[in-house]
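After this come two complexes, each holding chain A, first together with chain B and then together with chain C.
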Partner chain A sequence: MSAPAKPDLVTVNIDGRDLAVPKGTNVIEAARQLGIEIPHYCYHPKLSVVGNCRMCLVEMGLPAVDPATRQPLLNPATGRPRVNWMPRPQIGCATNAMPGLHIRTNTPLVRECREGVTEFLLLNHPLDCPICDQAGECRLQEFSTSYGRGYSRFVEQKNVKPKQTRLGPRVMLDDERCILCSRCVRFCQEVVHDDVLGFTDRGSYSTLTCYPGRQLENNYSLNTVDICPVGALTSTDFRFKMRVWFLKATPGIDPESSVGANTEVWSREGVIYRITPRRNDEVNDTWMADSGRTLYQQVHAADRLAGYTIDGQATAPDMALKAAADLLGSGRAAVVGSGGNSVEEQFLAKKISAALSAPAMLVSRVGQGDGLLVSADRNPNVRGALVTGLISALPAPQLAALGADIDTGKVKIILTLGEDLTAAGLTSAQLAKVAIVYLGTHRNATSAAARVVIPTLTVFEKNGMFINQQFRLQKFARAVPGPHGVADDLVTLSRLLAALGGGTIVPDLHSLWAVLAVEVKPLAGISYASLSATGRVLDASPWAGLPFVEGESLHFKPAAQPAAATA
Partner chain B sequence: MAVIPVQRQPLSLAERTYVPQILAGLRVTLRHFFAPNVTLSYPEQRPAIPPGYRGVPTLVKDPLGREKCVSCQLCEFVCPPKAIRITPGAIPAGTPAAHVEKAPQAFDIDMLRCIYCGLCEEVCPEEAIFLQNQFSMSGYSRDEMVNHKDRLYELGGTLPDSHFKWDKKKEAAAHGNAH
Partner chain C sequence: MPAPVQRRLIFAHIDEPGYTPDLACYRRHGGYEVMKRAFARPPAELIDEVKKSGLRGRGGAGFSCGLKWTLVDRKSGKPIYLVVNADESEPGTFKDRYIIHQDPHQLIEGAMITCWANNVQQAYIYIRGEFPHGARILEKAIAEARAANLVGKNILGTAYSCDLFVHRGAGAYICGEETGLIESLEGKRPYPRIKPPYFPAVLGLYQCPTIVNNVETLCHVKHIADLGGDAYARIGTPNNTGTRIYCVSGHVQRPGYYEFECGKITMGQLLHEVCGGPLPGRKFKAVIPGGSSAKVLRFGEKFNIKQKDGSMSELGVEDLPLDFDTLAAAGTMGGSGGIIVMDDSVNMVEALANLNAFYAHESCGQCTPCREGSLWMKKISARMVHGGARPQDGELLKNVADQIAGRTICAFGEACAWPTQSFVQKFGDEFAGYSAAKKEPPAESVPLI
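Presenting the complex of A and B:
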């Protein structure tokens, strides 16, 4: 065999090509490495193998061995080991790589098997594609085209099953479309440990059902919709909203907590329709929480800030920036950054606070971590503020110190970058004592009290990076354009910085990262363009002693003891 | 460059009088004078439209009055000039067509963009959109040239249906199709 096998690798032969894979890799994954697709429905790389769809049937063989000498027999014509092919096909998902394993994925037998499996799956499958939300990303549709016979021999009547079963608040089941692959059942058992789904009845009566009295209502229920290979499970939020082939997928990061689940933001013509997980084996596998999927609704929320105002009067961006700079420049300012801002924005915020010689702080948001993909720290990027040097200690949930400074008159002006100060514990009496420059996306008590309001963009409307709980730097891209007339946040901040005499920074990600790579030590050698889609783990040792609030979650073990406030 | 001198033929006597040419011309004129008309007094008279003609795209209902479009948006996808714009929606429970689940909330065809290619009709899996005989569209503004859903159904009317796919499905569901 030609490929040199490393100690823990075994060499398998798929369709005549040798491949070294770790022992135990299943045949579907091994073939994927060679660019060979073995069609499958029930197999999922992050779930256990059940092998019930039978779509991944392949021919399998092992080298013939001389029973007496235990030496492989060679084929005298080719000089290669002779292979004993099994007379019946095997399923690829449950076949693990072993030394000398031979696989054939494209023989008449295999093709006939796939055709047969497809025909059986399609027997009772309704002709629903025009009204099915899965159409366009449906495995059954794809494999029927690739491996089906193209016409139906079935003349009997199709089964009738319930078509609109509500499994939970966010998931609908169409029983006729279900091919009983059990991915959703296994997901609930193995990943969420909320064993609520199961099959009842036998044969063609088999039905996916919730346990009596229970609902599929855990915060990960929509992952079942993602992994459903057909259109049986659909999301009530996305149901009948848009066909998937119109949607453009943009890589994003879930901003709901410091887990930083990788997402795909699906939009069409500037409107976001859904958010789905993007596979990152180091962070979120192929999952994300339901709570992160509805965050796109903030983009077109009724209370979205869309205009620049000074004392409540609409004004031009230049005037608002000048007014903000004049206010801030008059002294005794404080900067309230946000753990929801990107690394780049926090860097510019740090520059602004340095130019003003003003103290900078963050507001922490702590919730209950669920041990999976929502962590206790509900700010996506507190570590970004640490890395860029905006803050040096962990933020508190209340701005008590700032409140005291306001009361004593030490702080007269506050620049808040997206944080609602009343929510962070300042009273309206305290807000009345100071002049506020509010940069934010939505209206709130602080924007109402602010002297100058500068609208900013949501995470879906800008490019940037977050640093998650693993100190993994991950980038997100702009999915939709911001509201008309609202400048990019980097432009706003860099113009503010320039107006305050803090130097000129070109508000473009590539130039900004050139500066970041020089000025921020942990980010040396990194650029926006070169960062891979799965991110890069930074050296966390300078912050190892800090009592981060996160508990254990998927692919994350806290280094220090989590603070007492969290479970 | 070679120069070829062309010898102009002198006109004959008959040609010089022009009389035969005038008579020949009058003969053609007179023949058409008494021949049947080939033009129509449009718009009072309308031409007969041949079968398969691709006129203005319209939405049709089945003979039972159900709107056939299920807003699968394939026409929107295939439309080369992007003249079609659909907002899909769910059919509310309790209505007669609730088992179809999906119907367009809005269906707009911009006739200033439409090129009458007929791909929408060809791609429609529900046989809901047809290019019928209407061929002239006019309006005083761009907005008037966009056919909305109600106008599309008004233009399309009802066409015979050979499948009644959804009615069969409803019937099967009613009988339970015990298997």
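Presenting the complex of A and C:
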């Protein structure tokens, strides 16, 4: 009959096809592996199972067993086990695969169940899809089309419930659209442990609401909007801005901390409208922090740098690069890299510092970790600088050593790759003593003091990789083009490197990774194109002794720290 | 055939002049003697007696009590809880209330015997919020029992301790569903749990094995411990043992409670002889035999019921013996024993509108079919009653009910669907003709539903 199952696998039969799945897999997930969709609203793979929407009702049965021999009875015609089908449909979400479980997902009964549930859910639903932000990515809309009857028999008055309820600073609720699946309630209880949502009243009048005196204001509140299968919960930032079917999703990495939450960046015609989490079961599951979702606003910020300048005068990119190379080549330079740069950029920065025989350093950014998806290290890629060899020790919070070198005249020229030196502790008096080449995305005190300013791209405008706190190499892709006339950062850095006599590197990811894979040992065998969407964990043992600042967070436990670091 | 005489086992002292709910009176009538004897026996023996007795739960489902106790997970090492379901909310049912109000110690004795038999150290009586007086009586009775060392630490001088507390509900029908009750007892919304995995016998109160038994069921346990399982099993009929309390309400001459041996009395005997028949000038039209959730029976319909000897015989409503199995074979259920009688003055559309209003009000709102379907059925039937009936509404009602039954988390789905299904099926002509037959309500009348 079926293929022999491995010890931890059980064989189930879905619509006549045998499938071996790990024990504990539920029927919805098992069917998904066969490409069979079992529609569902309340079930979410990362939340507890409540089984309340009843959309995933399917027929189930177990092989008939001979009471005497305990052997399965076979159907003589087919030679397959005879199945005792349960008289009632069962929910797929709450049923785990067990040996010999048979499932039928496309029978008249199942279709009728789905039609019934769909009709029920639509009874008191406002059907305001034309003005609903969820339209286009609404489960109710999709399943109504796929599994509904297509007409309504309801002639009564619909229930009236609160519209435009403000649940918190970032989340709005339309109770009439709510199908009471309780995903948001469970998310707040189980993931954030901030139990603020619940239902009042009962029956069809049940109403989602916040506890009295509380609001949904935790830094993960927008995940409730993501998991809401309908348009009940909407983001105050995104609502009424753009139809989702016009948007293009680009895979990204949340740059707000070393967690490296996987994201999708949604854009249209060069404008980003929202950022949502992208599932990665080893990093962020299906969640991300609210704070990472508004970072796209920096793309079109008023203080965005878009022009190349020398001594404050606009110039051509070539002239700016030449001026930068001339300055840096004149000796006594220092390179201030950034934990916000990609692995590729840090590799080039290291080559530049080597070509200049200049010391390289990073600026650390340490905040409070929240134990979930924002870690204490607010640089997304300090480990990239370690792996590429740009630095060998963890960065200090302030550039005190560099300041001393400026004061003693040891450093005359600084190349800063995106860091604001004043924010890192250098005084304006110190800045006045040195010539600065500033590569960065936004205007700040350092760009104002710089001799040469070269604009660069934000993380949304370029391709690259970060290495997160797990030493997981993860890639992000360009969602929108950079400002007009601004060269790609890899082009800028490789041209600067060439001008400094550091060798020629073709500034495309394919060629660059061919070099990286050879010159950086931990990256051997990796390329941008071949790295999987969920990333790859590198061998962290060379840096095991470093006192990393991150505490425990989702899917991450810090390695035991050296005693000195904790003292 | 004349009706048998009542066999008062549970209701032996109900409405007996001079019988008071205090401990002294209960003791004068032999109270707690059975418990004393039971505590001298090994618990396993008592479980065996209950199994032998064939006792079936009196809450509504008629599930074997002995089997329920057997399914309890005793290997987990977790404490086992007993929860007394005193959330008697099924319309038409009023038996547990009498026990609580007039003979609370009978319940406490039955509960403590059950605790001893199942090694329970903590028991709760979950009483519905609408019974504040009953709750006070129980509190007082438990305090008396505790003072007399019948509840609490080292009961009757043994090493065994078990405490018993009263917990009041807040007024929701769904709290009578055992997992909804457990959620409520834990302090949450009474959303019934999904089964599997949350069978109370394994993952009940506080995720511990839990026995949930109806008030009357536990009183029967006391009598089983008294008489012995075999002797008890001789009361009533095979597989439908013991006595049954029938709560008769509606259009009969003498409504009230009557206790008979289960299956020894027919519907006709009960309604015509015991309850005095229909009101003057009226005729019986329909009867709901087991609480409002049970499917209605229409007088005049015939059922082919398999007899004990295997033969089939055609029975009318009046001929049906009132036991679990016969009523199930007739397509309805014995349920909670609440018998609601309707005579020819009743319009079935209006009666159903009343029931649908109840179920729409009581649906907890957790799962889709019941939440949306119960209110939809209410809205349809209310519209019919208020003058907007259409000929196709009966069929629509039945179809909505069909979309609920069997597809919900708990049995409320069936409870709210069965009345509609059976009313429309058996009185379809009234539903089809309601729009034409309907008299407009007087202008000043206030809609009741």
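Heads up, the rule we're going with is that the second predicted complex is superposed on the first by the 560 of 567 C-alpha atoms of A that agree within 3 Å, B and C clash if a C-alpha of one lies under 4 Å from a C-alpha of the other, contacts with A are read in each partner's own complex, and residues count from 1 in each chain.
Here is the rule we go by: contacts are C-beta pairs under 8 Å (C-beta built on N, C-alpha and C of every residue); 3 or more make two chains touch, one makes a residue touch a chain.
Quantities reported herein were computed from a predicted structural model and do not represent experimental measurements.
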Combined model on chain A: chain C and chain B, fit or clash: fit
Superposition-derived angle with apex at the Cα centre of chain A and sides reaching chain B and chain C, degrees in steps of 10: 90
Touching partner for A:S541 - first (chain B), second (chain C), both, neither: neither
First (chain B), second (chain C), both or neither touched by A:S204: both
Contacts of A:A94 with chain B and chain C, given as first, second, both or neither: second
Which partner, chain B or chain C, touches more chain A residues: C
Chain B versus chain C as contact partner of A:V50, first or second or both or neither: second
First (chain B), second (chain C), both or neither touched by A:Q368: neither
Which superposed partner A:I179 touches (first chain B, second chain C, both, neither): second
First (chain B), second (chain C), both or neither touched by A:Q157: both
Touching partner for A:E119 - first (chain B), second (chain C), both, neither: second
Smallest separation of CA atoms, chain C relative to chain B, angstrom: 8
Touching both chain B and chain C, residues of chain A: 157, 159, 204-205
Interfacial residue positions of chain C with respect to chain A in the complex: 172, 189, 191, 194, 196-197, 360-369, 371-376, 379-380, 383, 396, 403-404, 406-409
Complex contacts: residues of chain B adjacent to chain A: 70-74, 76-77, 88-90, 93, 99-102, 125-126, 165, 169, 172-173, 175-177, 179
Chain C-touching residues of chain A, taken from the complex the two chains share: 49-55, 57, 87-89, 91, 94-95, 112-113, 116-117, 119-121, 123-124, 153-157, 159, 179-180, 198-199, 201-206
Contacting residues of chain A [partner chain B, same complex]: 126-127, 129-131, 135, 157-160, 163-164, 204-205, 239-243, 245-246
